[in-house]
Amino acid sequence: MNHIISIEDLVFEYEREEKLEPIKALDHVSIKIDKGSFTAIIGSNGSGKSTLAKNINALLLPSSGVVYVKGFDTKDETKLWEIRQTAGMVFQNPDNQLVSSIVEDDVAFGPENLGIEPTEIRRRVDASLYAVNMYEERRKAPHLLSGGQKQRIAIAGVIAMKPECIILDEPTAMLDPQGRQEVMEIIEKLHNEGITVLLITHFMEEAARAERVIIMDEGHVAFDGTPAEVFANAKKIKALGLDVPFTVEIADRLRSRGIDIPKDIISMEEMVDYIACRFK
Amino acid sequence: MIRDITLGQYYPGDSWFHRLDARVKIIWTFIYIVSLFLIRDFWGYVIVLVTLALIIGISRVPLNFILKGLKPIFLIIIFTFVINMFMTKGTPLIEIGFLTITKEGLRNAFFMGTRLVLLIIGSSILTLITKPIQLTDGIEKLLSPLQKFGLPSHELAMMMTIALRFIPTLLEETDKIMKAQMARGADFESGNIMRRAKSLIPLLVPLFISAFRIAQDLAMAMEARCYRGGSHRTRMNGMRLRKRDGVAALLIILYLTLIIVQAQGILSLLMMSVIQLIQAA
Amino acid sequence: MQIQVKNLYHIYSEGMPYESVSLEDVSFEIEKGEFVGVIGHTGSGKSTLIQHLNGLLKPKSGQILIDGIDITSGEVKMSDIRRRIGLVFQYPEYQLFEETVHKDVAFGPMNLGLSQEEIDIRVKKAIELVGLNYDEIGQRSPFELSGGQKRRIAIAGVIAMEPEILILDEPIAGLDPKSHADILEMIKVIHSVNNTTIIIVSHNMGDIARLTNKILVLDSGKLVMVGTPAEVFSQADYIESLGLGLPPSAHLMNELRKRGVPVSRDILNIDEAEEELYRLLKQIEGKIDA
């Protein structure tokens, strides 16, 4: 079984006050995520992308349909902790997800909840802090760190639980460009180490760095494919209130004027390489 | 204003006292506070002052840092002093109108005032030389036997941990909202009490909303990290008693013995005879 | 000259062990109706600077003249300054507090001591100016609105004070692409309607290049560069050395130049980039064909 996450015909409705109709946030969504893959999910606010993430981590349970994580049904309460340990989650606001006033104690929080041996926790905490380049700051108080550093601590807190998959719900939305870059580098590193990454974002440049892009719109999947395949639909994507990466946009414009630029050029580096090679 | 309060603050250091197990320090503080009420006379205060001086000296917390902690309760100290001075019956010393200051009153006022000051200094030393997180861990451990009787010791400690973590965040938030409302012409400083109280609404409403949002986010993040209360949980830094904690325990027993001895009046007799001997020599 | 800042110094936590200079000898001028961008990485002093401009912070030394009046002197009434200079903080939607949108937007004008009639007119005008329908949302609770709408209402709360200068700190932070574009469009409208001077702090260099006519570049509390977007971003290597990004078009051109491809330095937006690349690639095709 190669699918670490398998979402089958998922419907999720937010209950409202008695007389009001519930809001359908997810409308018959089916997605399978390969083990070890890097998938970006984009969509405007209210498209259901965050709701989807919370359904995978069993923070929310389907109104109908099923979500399997590593083969476990998220509705199975006896498997709840295994599901949350398998699919760790990082949230948007770096301040509101750190529990302890000391960095290393915060990273230890997850493993402590799992009831792991103290010496093993120590090992994991140190390794996780090294993995996000925050070992030097291990004794500091979170409120003295930058947004990007806090978010890296949050990631370390998840890695210390040794998850197979990390779901990041707009982890860079509140960061400055430098913090965003730091976090993206860590995410790519984790992916290279074999962890399945699910990145929810509304920065198209970040999505372009993934292997697969899923665009959500009003509770269902609008596009699903490699970045090149998905971003080829620039007009339709813009109609959904989203953007395409800068490189895709400019390549598209040049193509429409008769210049033949390969379809798989998505990132700026690829574009620079392509033009520089042709120039020589 | 908020920054002035040293009560509850931690003063970073690496002294022998800093490194003691938090549980030992909490028990010590408890015994210290009880001892203040056992003191009978001048010699008792000498024991307490010498002990405090030793602790402060060895832990290297600046004295003025500790004394600053007394500022917020200065009024209470004065109040205690005055009440005791006038309200104790005994041999009159001075009479001002219907108020009488008695000899006993002056003595009582002095002792009660000193006791209060020593109480505050002693308990602020605990927080000054103990990391907040160790303090909460220590309280959790010490209270855990009471879990059998239904005391949620883990939950209490977790609440304290989270409070410590979010105090700076909320202070920052307060500052931000305050400035934003000031930019919209809000005035938090002038007017009478009613007006001032009303002017706080634009600050308090957004602050409460923020606090709730933080609580909601945090609860979700904790759940996602498999938090399910105190059972099942292990700790990375398990508390272990070391040799120095044993030494500290002996010192505490010594202190307690001295206090009890003086409370029985034996110490003052002893000291008096020592002084007489010296004078005779 | 509408704004003149002369030799501004600010020291953070003066007298405390961790005091640090957060603004050092900053001087610049802004004329009425200009659209100014302030850039610099986090901690470079951008927020400190803009908080000085509306009197929320006091400088250690130096002067800030608004239409010739020094607002750092003790004699100026703060309410007069805030009437003229509006400041919208980051994530302004977190300061909403009233029961209805109308009341919330009215908070600023009310503090100015205007008549009820005047307040109502201004509230309505401000809400329409930020692109929302007053009749539809005026009596609704601001807390039931969407994120983008909340932010507009918060901005309307400042606009209703009818400032001559509007300062916005990261107005698009955390928004999705659609709301991002909408808010920028709204700011452009505010700029053009009353010839309001706009000062905008942003990390998004594309936005800054597209919108502003003057950029202030801050680095460790010092004003290191002032100029038009073209002047500032043509110094691509210098800007990058400050840890700042470039607008995507300028970035692409700069990377190409580093690889030895001769492209223009003056490219700021996607249209210009398209033309330049079209020219270049046609030229290459021509060579290959020949």
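Going in written order, the chains are labelled A, B and C, and every chain counts its residues from 1.
We take it that contacts are C-beta pairs under 8 Å (C-beta built on N, C-alpha and C of every residue); 3 or more make two chains touch, one makes a residue touch a chain.
Here the structure is a predicted model, which is why all the values come from computation and not from measurement.
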Quick check on the contact network: minimum steps from chain A to chain B?
1
Taking each chain's centre as the mean of its C-alpha atoms, give the chain farthest from chain A.
B
More C-beta pairs touching across which pair, B-C or A-C?
A-C
Taking each chain's centre as its mean C-alpha position, how far apart are chain A and chain B in Å?
45
What whole-number Å value describes the gap between the mean CA coordinates of chain B and chain C?
47
Chain A and chain C: spacing of chain centres that average the CA atoms, whole Å:
30
In their shared complex, chain B is touched by residues of chain C numbered 51, 54, 56, 79, 82-83, 86-87, 89, 92, 94-97, 107-108, 110-112, 143, 157-158, 161
Counting only contacts in the complex, chain B reaches chain C at residues 176-177, 179-187, 201-202, 205-206, 209-210
The answer for chain C against chain A in the complex is residues 41-42, 146-148, 173-179, 203, 243-245, 248-249, 251-252, 255-256, 259-261, 270, 273-274, 277-278, 280-282, 284-285
Along chain B, where are the residues that touch chain A in the complex?
131-133, 161-162, 164-165, 168-169, 172, 213-214, 217-218, 220-228, 232-238
Using the touch rule from the top, collect the residues of chain A that touch chain B in their complex.
54, 57, 59, 81, 84-85, 88-89, 91, 93, 95-102, 104-105, 108-118, 121-122, 125, 141-143, 154, 157-158, 161
